[in-house]
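In structure tokens below, several structures.
The same subunit A turns up in both complexes below, where it pairs with subunit B and then with subunit C.
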Partner chain A sequence: MAEQKVAERKRPGDGAAPHSELIGATRAESRGLIETWWQEMSEADAEGRPVANVFVMGSIAEILRCFDLPMSFPEITSLQTAVRGKQMEMLVAAEDYGYSPDICGYVKVDVGLHLTGRNHPSGKLPRPALVVSPNTCNTYIKWSEIWERMYGCPVFVLDLPGWRGTGGSVLPGSEEFERDRRYVEGQLRELIALCERITGKTLDLDRLREVMGEVNALAGLYDEVVAENKHHPAPFDAMLDGLNYMGIANAYRGDSRGTAFMRLARDELRERVRLGMGAIPDEKYRLLLIGTACYSHFRRFLELFHSWGGVFAHSEYMSFAGGGIDRGIRYELERPIESMAEQILWSAQQSFSGIFFSQDWQARIVREWDIDGICFHGIKSCRTVSTGLPDEREWQMRTNDIPGLFIQSDLVDARLWSDAQMKNRIDAFFEALASRKAAARR
Partner chain B sequence: MTDDLTQLIHETRELVEDLDYPAARRWLEQNPGGKVLGHFQVYFPEELAHAAGMLPIKLAGASSALQVRQADARFAAFVCSIIRSSLESVLAGRADFLSMFVTHPICDAARHSCGVWARNLPDIPCQVLYLPHNVRSAYAPEYLESEYRRIAGVIEEVAGRELTDDALRASIELFNENRRLLRELYRIKRETPWLISTVEAYLLTRAGTVMPREEHNELLRRALPLVEARDAKSQDKIRVVFEGGFCEQPPLEMLAVIQDACYVVDDDFLIGLRWLTEDVPAGDNPYASLARAYIETSSYSPVQRDPEKLKEEMLLARIRAAGAEAAIVAAAKMCEPGLEEQVSYSRALDDAGIPHLVMEFEEKTNVFEQVRMEVETFAESLLFEFA
Partner chain C sequence: MLVAGVDVGSTQTKAVVMDGEPKVVGRSLIETGARLTEAAQEAFSLAVVDAGAEERDVASVVGTGYGRYRVEFGETQVTEISCHARGAVFLFPNTTSVLDVGGQDTKAIRVGGDGQVLDFCMNDKCSAGTGRFLGAASQALELPLGDLGPLALTAKNPVKMTTTCTVFAESEILGWLALGRKMEDVLLGVHVAIASRSVSLLRRVGIEPEITFTGGVSRNAAMVKLLEELTDCPINVSEESHYCGAIGASLYALDRALTRAAAGASGGVLP
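Now for the complex of A and B:
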């Protein structure tokens, strides 16, 4: 039955000549865009122009872009440090300064970079002139306070009231939602005033509408990109190419170059689907990742799954770390600030703090993306994504009969990677999935 | 109970150490149909629950006497102990009488715990009270008032009765009295620390988390005059401020080790009970009054940001106000905000030339020889220095 469903969804090559210029174009384009992003940040810093430090779960790029403030995403720069294998010296520098081995590795890599001259493998890390810190991760606020002490820069905490508990969602249209929205709108106006003070510029509402229009387009395309992975085989791995899509969605949110990139990504994926090209050569298992990858062993992490024919068809990471744009952001441009408050608030509830109660979202993704099993990867660095994962796994197995694997390592700290243990658990998971598939065929 | 202070402290210790919340169970027996609201650290406006006729208690973890079994299977390995033990208290039937649970966005583990509670305890409504992180926004007071009104609405549903403004004003008065008594206890600690040990003061404070506030007021009203009447003399101990007890609580045995070598003249143990630093004028709009007090007349902790109350400056002010000579800057294991703040505290103390001891603890620790060695060495080195 399952195989029949797969066959129906599969779109094999239709005999048309491949659009060879599209295949691989997205990766090349993303490399170029990331280099440009670094160049723009570093140049601004060198010229003494202000740069803002922001975070992926609520960057508020919509406003900052209107003030021509280049944005540095320390989560991305820390991740890049780990992928380049330079993170351990930064971790040690931060720990020598006093930071505990038990706190977020992204924070420590970043602190290490700042303590050792801001020399990132990709360029000069700028010093922040402004920090915009949403409360979507509590560590964002603590992290921001570190820069505040180092540089004396203003820290603007954008408070986004999130998910309120059982039966406690504050739904749009309700009186409570309207109160929350007023709070967020008021803060956005205060942020605008702060940006005006820092840059000496006045907000141009037409420019804001233009940027928000780009975000609308980006969000629509991002949805289409993610949806392409409903096909069999999945044309991209959510933890490999998905990472590029997220990175560009963040760094170029509200910028026409980001929109053009996402259009290119969608077109390439459609072409790959048309040609029957999967993310891995022989897709056997479709997986959903809850948590993040381990960037100190990124290739190895993926290899442990790919070698079994396992592909990450989706990830919760693509939702919350993609800036929440997959949860239906559609700004109403005739009332930009009010609408921004509404939409950011909603995505904070659904995407960012939704990860604390995401079992229904997970079950929907499993159905719609035809997922065989969920990998819950807990990381010491991040309690935001990791705290309740064992419980979520058990819930999905008990309530929805969805197989789950729970493994633990870290985002960036190589000391927390145990290869034999990881391989052992992952192998056992795939063996169980194989038995399950065999039993379903009988 | 007896008026003898030693006996009173002994009984208080038994109450605090009993993992089955005997005072809450007794209250339920005396109030058939009554409901208990449990809330996590750090601050919750208990007046809201009290005014609706509920008994508010604080779930602040448990000592090593509680075997954490079920909760361990619910959380990742690198999550602090208090999150686990607070859930275990309910899963293991120790606090199975709760009718509602409230947590706060103080940290990411605490926010996650709401999801875990909701999945595992579907019959106990679980809420996140979103206290503001941007308290200096001009819009924060109105928002907080509305958030208090929202949670009050949930409380009314659970309690099955209306929460009137008059009842809330009366509850604010009761809790003002409690805060006054706690301030008095801390004044005694600061001014005459030889009259009350760290453990005794802690027990008298902690009792307030697990018993009706009327009874806690009565306990303090009886205990404080007895403390002041004590015939005790000052000893040659260094005066320290203990920082790091805002959420997970250090074991009593650890406090006993510290008090052997130091006078703890101020601290942030259970700071949520003392979060509001002045009486709250109930006024025409008691919700707005509580919200204003949270923002304007409140203490500090690593999990609440207020750009007008930089935490290291607040710690230095606390040390100065208490006439302390040194500080113990502690953090609970795996507590991200506490461990991060520990660095800024330590740096600020270095800059101010204030000696300090940096340490970690866990509520379930039951071996204290290492702590004893560290604290005694620290205290002795300072005694030599000051001599």
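Now for the complex of A and C:
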């Protein structure tokens, strides 16, 4: 293992922190933090304290944290169920109940968990006392209605208006943007009132500033983490480690433990870069992932790329699932609620419109992260991230001469995984990349 | 020097033996069945016999096709995408686009002058619009596969198929017959459905002449004619098109044998 070689490669007297302490520290820390997160949710449930169900594309953790509401992220808990290999029983339970096979796999795994006693492989899935549902994915709203029916909990739908113009023509500061910002700010104030009713607490503005300050710090560190992968070899795999970074960034958003984690991740990556340690032993190809991984076959999915020396140097997932932390969130703490409304609106608008301008984002990442090819992974049960992928692939090839691979499976549904077909397409893609590199050398 | 390529496809296994020129000197084609390793070995042995040689004379073997990892006596495996690209350029050196319609896969490939894959696209995981669809038509109509193309070419008024799904093919075909449509019109409709789907895949990688059509379905004259109409380009087909994957695999085998020979090693890979 690459990690075992580190101690041997330690150079005495170079003034850096001991390598053995930093290398591998991020993964260990993330495991610990996820365990703690589960403990907090399970305890809250056992003690009958309210828990909020929230989503990765707009959790509004900044406000909920001020009311000490533990947050459950059903997308993350469903994903974890699949990584732990327990998703099929949940999918079947949801389908037996009447949900169609076409519905988002995350929803069905979650419904299955709720129908079968909320026994998640990592702990007790709490009963929601409140749901905050942004309109960043249509499914969020329908999903929230399921809990509303099951538990009678209030659902707060955060309506974020899209761009009123094309290509970012309606910028912050413009009259139209200001109108939308006020609309979002009004909703945030309603959410605060709802949280006050549910918890019996009053919003402490100083606490809110503190939490938002942590988000500012987290976002800055997150940018640094992602940028470390511009190095060769890439010190982390955006599909594997990127998922950890993203998970902690969501679960601990606005919490000093999350900020400390991201600082640790950045420091470990810098150490790896200094030592020339790549995420995989022999990096040959640098890839960008569009879509998500297939979590029912996560190890295998990675292996199919890693075995060719392919590392994911970047992933779109690290962008869209972060509730705007990659979009340069810098809250102005002297006017917290106004500033929050502005930033949430701006990042959501960029995400909404991202679908129409994704080619520009992809081309920039390819340039700056020195990417050899893009893997477009279509998710059968998620149209939100899969729409237009074959066209994007074609566009990048024709317009920018960027090689692309299009494959399809699902987030969690093992029935939609076909190993031979996946391997065939991935192998062919790497063969083409190899001959392309060979031709470039000639 | 002799080399070989073995293409273990979902329906049929093809093997080719080539000499160092390189020229095809032996070939074989058998049904794959359920035992892939045995099918690969049998096809290889038959091709060697066809070449009038012995297995020990073969310096390198490369496996391809979905069962390529079952070519256990091979030196390495290369996907059929790379092999069809290489084989197509070998058969038609000016090839820029390759369409391979196989038993369960359809592949559109854009190639460089040396057979390098520049881009490729494949059908979705299901076998809609692939050779399997013709198989379903042949079963539903109780006609041998080889008769489908010639009969379709006699049609005057093709039906418009609404599906390329292999599972629904049979019921739709029977539905048209029940409405009194002629068998040839139904068949031409089936061919049009597959050809349109294949051409839309080709468009994804870019249609440029020359287009070389490979795989089992390339022997079907109606498909060739429809593809020419839909792409407005002449379509290259050869007697060897069905063996294109195995030819590409043997060219990869030849690379390896030549590299080894240049490095001073000798002898075949087989005992």
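Methods note: the second predicted complex is superposed on the first by the 412 of 442 C-alpha atoms of A that agree within 3 Å, B and C clash if a C-alpha of one lies under 4 Å from a C-alpha of the other, contacts with A are read in each partner's own complex, and residues count from 1 in each chain.
In this text, contacts are C-beta pairs under 8 Å (C-beta built on N, C-alpha and C of every residue); 3 or more make two chains touch, one makes a residue touch a chain.
Just so it is clear, the model here is predicted, and its values are computed rather than measured.
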Aligned on subunit A, subunit B and subunit C: do they clash or fit?
fit
Applying the document's definition of touch, where does A:Ile141 land relative to subunit B and subunit C: first, second, both, or neither?
first
Kindly classify A:Pro390 by the partners it touches after superposition: subunit B alone (first), subunit C alone (second), both, or neither?
both
Is A:Gly162 touching anything from subunit B or subunit C once the two structures are fitted on A? First, second, both or neither.
first
Using the superposition on chain A described above, determine whether A:Ala28 touches subunit B (first), subunit C (second), both, or neither.
neither
For A:Ala420, select first, second, both or neither according to whether it touches subunit B, subunit C, the two together, or no partner.
second
Taking the superposition on A as described, I'd like to know which of subunit B and subunit C A:Glu431 touches: first, second, both or neither.
second
After the superposition on A, what does A:Tyr97 contact: first (subunit B), second (subunit C), both or neither?
first
Could you look at A:Ala439 and tell me whether it touches subunit B, subunit C, both or neither (first, second, both, neither)?
second
Is A:Met150 touching anything from subunit B or subunit C once the two structures are fitted on A? First, second, both or neither.
neither
Quote the smallest CA-to-CA distance from subunit B to subunit C in the superposed model, rounded to whole Å.
6
Subunit A residues contacted in one complex by subunit B, in the other by subunit C:
390, 394, 408
Quick check: in the complex, which residue numbers of subunit B touch subunit A?
73-79, 83, 105-109, 111-116, 118-120, 122, 125-128, 130, 132-134, 137-140, 142-143, 146-147, 150, 154, 302-303, 305, 307, 331, 333-334, 336-337, 339-344, 346-347, 358, 360
In the complex, go through subunit C and note every residue touching subunit A.
66, 78-82, 105, 112, 114, 116-122, 124-125, 204-206
Parts of subunit A lying in touch with subunit B, wherever the complex brings them together
97-100, 102-104, 107, 135, 137-139, 141-142, 145-146, 149, 155-159, 161-168, 170, 176, 179-180, 182-183, 186-187, 190, 353, 356-359, 378, 380, 382-384, 386-392, 394-395, 408
Per the touch rule, the subunit A residues reaching subunit C in their complex are 390, 393-394, 397-398, 403-404, 406, 408, 416, 418, 420-421, 424-425, 427-429, 431-432, 435-436, 439
